[in-house]
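Next come the structures, one after another.
In what follows, subunit A forms one complex with subunit B and a second complex with subunit C.
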Partner chain A sequence: MSTIESALLDMGGLDILAAQNTPIHRRDPRAKVLTALAFIVTVVSFSKYDLSGLLPLFLYPVVLVALGNLPPRYLLGKLLLASPFALIIGVFNPLLDRTILLRIGPVGLSGGWISFVSILLRFLLTVSAALILISTTGFNAVCLALTRLKVPHVLTVQLMLLYRYIFVLAEEASRMVRAWSLRAVKSRRMSPKVFSSLVGQLLLRAVDRAQRIHMAMLSRGFDGEIRLIRPLRFGMADALFVLAWTAFFVLARACNLPQLLGQAVLGITR
Partner chain B sequence: MTHHIVEVQDLNYTYPGGVHALQGVSFRIVHGESVGVVGANGAGKSTLLRHLNGYLMPVQGSVRIGDCLVAKPTLRDVRRAVGMVFQDPDDQLFMPTVYEDVAFGPLNLGLPAAEVEARVMQALDTVGAAHLRDRPPHRLSGGEKRAVAIATVLSMAPDLLVLDEPTSNLDPKARRQFIELLRTFRHTKIIATHDLDMILDLCERTIVLHGGRVTADGPTLQIFNDPELLMRSHLEKPLRMQACPVCGKPT
Partner chain C sequence: MHMADALISPAVGGAMWAATGALTAYSAKKLKAELDERKVPLMGVLGAFIFSAQMINFSIPGTGSSGHIGGGMILAILLGPYAAFLTIASVVAVQALFFADGGLLALGCNIFNMGFFPCFIAYPLIYKKIVGDRPTQGRILLGSTLSAVLGLQMGAFSVVLETVFSRVSELPFATFVLLMQPIHLAIGFVEGLITSAVVGFVWKARPEILELAADAKPIGNLSVKKVLVGLGMATALTAGLLSWFASTHPDGLEWSMFKTSGKEELKAPERGVHAAAESLQQTTAILPDYDFKKPAKPSEPETPAEPENKTDGAAPVVSAGASVAGLVGAAITLVLVGLLGVALRMRRASN
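So, the complex of A and B:
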């Protein structure tokens, strides 16, 4: 099976996870979107040398994975897939920033290394929060929640159509690659020339399809706005979910919990 | 409502590239009729269908749907009256779930939520797809996609169903079920297709297009029994009307 096809099957995997029925899945999509947003903002707002302050925030993904009955290995796999981006962003920090900030015995840790690790931690936290959001809510429900939260229609409709047609597009692409590979017996790798014409083909087909979809939309009275009627109910439990987590994030941001804990432990033992 | 539900008069259309896709097409379809539109590839079938809901505007001539002349100000009414089902259900089904797709039309008509709900469920029941309501369209089988595609226009309560190659890419059993489903509809139907056997099943009248002109318009059986006309139009007798492949006797 080509990588495109297996990636497709994988995307369906998130949908299957989202179809479960757990206390987390039952929360209103808006509650989960807002909480995830608060979480990401909190994570990003830490200073670049802060490591210990970030650690308590791991509670959020861990609790959601546990209560949401999500397979941790599967999510870790997805995280690894995205990790090269974070690595590339952070990898030069140790070279550029050589001020020693921390000494553990004879080993001095430079600011660069600390900020590199901090970038990786943030990457882990934010991307896992996004993955958890999708796999406990479903992509379409996230779009719906965004619409109800007054995010501009242009954006949410784009996302919705993207998710609807990414499967169709990928199938088309994999058919073309298959047709190429069956005739390219000798060459294992696609030459740039073949690749560019293949991508061009794909673009033309996508434009054609977009035109046909637009025609289908017009013939059912489309006037520029997509209306959705899925009922959403924001109840007490949802409000509590948002408030409790946000309170925790604020607390974790305001005071360094591991430090406090350490002091408390030292205070007892002293 | 006039008795003539579709009236096309001297319709001409030239694509921006200069291709004369339609040259003086005229016909009239009355309430409750089922009409097959057949012809070679490039005969003008798709161009004709695109005029029926105002996606293309006539360069010359006119199209009338019920009481409305197809023109900019009447587009809304025309598109409510004409339920257009496209060849590729993946183009037709663009919403995240089946339910939302079927609700798309009624919501655009500005109907209240309760009425939308009722119409969606009725349309899904009619095509036997009520159990699919929460499924994403890309996970449906070919036959299911077709059924849902029909439901998306039924929910708008159209007077006229226009179907473009409705049986393409269906396995024989799904095709048969789909034909039986179409047979139950009392709507006026216009079906453009290469599947002449289906025309034989569903349409008492057939219009033959060739080179952008109507070359024949009459009772289906009469047209399919005119070998010379069929050959000229790049068609052939429906398989059922051809000789038996085993004994060679005409059926």
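So, the complex of A and C:
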């Protein structure tokens, strides 16, 4: 399957997950957006040598994946495929920072390795938070929440249109690429010249389509706003969701829970 | 060149969010003032177009590898700066949400790096000046190549600055610059040629589409100044506020995995200022002592510490008692979180 089609399937997959009905999916989109932001800020605010402090935060993705009935393997697969930029940059840390910070018996761990693992953990936490947000909320609902949170209207309307037309245009693109590959039997990759005119052609079709869409929208009374039938209601459960998670994040940030737990356990066994 | 959440500090992420937010609001206002609502569906469709175009790979001549376009300059040329900025913002947002490119906190950085430079620097100051109102094939080629190269260079440099200021990565400024800029020079050159070919194609086939964009008034001097001043203020304010909140660990040198809890929080404000000042100093000093670490103070855990562990004078010493407690605690935490997840799942399945 071509990359275009698999990417489309991928996006569709997240939307299908978002169409479920679970306690997490029922929360108001605003609650989920705010909680996800609080989570990410908490994660990145940890010191770069702090590993154990980050661990309790795994509670958030784990609980949401479990209660939201999301397939963990599918999400993990997406995580692994995600942009490797953080890893490429992070892998320099062990080379550059060789101060020994921790000794476990004879083995000395350098600060670089610790901060590298910390980058990995941060990556897992933050990226899974974004994926979970979409797969428990759905893209349009996120846009709606953003509108209510005072993000400029032009941007959110445009986000929804963009999202809608990705599927249409990407299918068009994939048809064009297929047509090219059927005719260009010997060349396996497109030359820049062919690519430019193919993309230019796609662009012209896109512009024509935009004009037709605009006329169709005008004739149906479009005035620059998109109205959604689904009402948003921020109830007690939503407030509780935000407050409870935020309280947990603050707690996990303020005191090193694993450390306390370890001390308690060792105190008992001693 | 997507910046990642894992590499940025809250201060940098928040500051870039503020800058991006200000630019978004400004562009939205401008667009409303132009009353060009015809552009809204066009923006959506062109955003989707860039998205689809990014999925098509082409071979890069002479290298044997293949690449895809970024497309920021194409949007700026077709839509004008304001609409293009909003479109790029939404493309980057969809990438962050669906393909986990970057992350939500880094979204501010990414929109800024990929949107601000092509739309508000490269387009008005380079492309517009070269191509002007009377495009020719030659001018389009020169203008789009130059602006794509410079836009990408500035974006890459901004990635470097954001990474260095965040100080999660250990890469020193100079090394990172030498790593990023040449790579992006090559990428920018290819991007520029493709951009000029696509724009040239559109110009030959349907010149009126380019005129649509040219209608958008270029930014006058006054408003650029206003934008920059506003941006600067928003950025400084957020960075200050956030670093006050964020830096309970002032210089990133403190080994805190096994620290006992709760002592630093009270002194946060003073440490914040200290941290901000020091990070400024550290990053302006650029090179040599970047990976030199002062020994952190030995932590003083509640459990009795074994002093004989303090063998290595240069390295921070962590008492054995505390590290065992930390490791045990970490292991238990992971197991607990995992078990909770399994339990919740099973309960759902049985319902």
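Keep this in mind: the second predicted complex is superposed on the first by the 228 of 270 C-alpha atoms of A that agree within 3 Å, B and C clash if a C-alpha of one lies under 4 Å from a C-alpha of the other, contacts with A are read in each partner's own complex, and residues count from 1 in each chain.
Quick note on the criterion: contacts are C-beta pairs under 8 Å (C-beta built on N, C-alpha and C of every residue); 3 or more make two chains touch, one makes a residue touch a chain.
These numbers were taken from a predicted model, which means no experiment stands behind them.
Between subunit B and subunit C, C contacts the larger number of subunit A residues. In the superposition on chain A, A:S181 contacts neither subunit B nor subunit C.
Touch criterion met: A:N140 reaches subunit B, while subunit C stays clear of it.
Of the two partner chains, subunit C is the only one that A:P258 touches; subunit B does not reach it.
Within the superposed three-chain model, A:S115 lies in touch with subunit C and out of touch with subunit B [touch as defined at top]. Within the superposed three-chain model, A:S219 lies in touch with subunit B and out of touch with subunit C [touch as defined at top]. Shared-chain residue A:A130: touches subunit C; no touch with subunit B.
Under the contact criterion defined above, the residues of subunit A that touch both subunit B in one complex and subunit C in the other are 139, 160-161, 163-165, 168, 209, 213, 217. Those residues of subunit A whose C-beta lies close enough to touch subunit C in the complex are 3-4, 7, 10-11, 14, 22, 36-37, 40-41, 43-45, 47-53, 55-56, 58-59, 62-63, 65-67, 69, 78-79, 81-83, 85-86, 89-90, 92-93, 95-104, 108, 111-112, 114-115, 118-120, 122-123, 126-127, 129-131, 133-134, 139, 142, 151-155, 157-166, 168-170, 172-174, 177, 189-204, 206-207, 209-211, 213-214, 217, 224, 254-263, 265-266. Partner subunit A is touched in their complex by these residues of subunit C: 1-10, 13-14, 24-25, 27-29, 31-32, 37-38, 40-49, 51-53, 55-61, 66, 69, 74, 78, 86-87, 89-91, 93-94, 96-105, 163, 167-172, 190, 193-194, 197-198, 201-202, 205-206, 209, 245-246, 248-249, 252, 254-262, 265, 290-291, 293, 296, 301-303, 309, 312, 314-316, 318, 321-330, 332-334, 337-338, 340-345, 348. Residue ranges of subunit A in contact with subunit B, taken from their complex: 12, 15, 139-140, 143, 160-161, 163-165, 167-168, 209, 212-213, 215-223, 226-230. For subunit B in complex with subunit A, the touching residues are 50, 53, 55, 76, 79-80, 82, 84, 86, 88, 90-92, 94-97, 100, 103-105, 107-109, 113, 116-117, 136-139, 152-153, 156.
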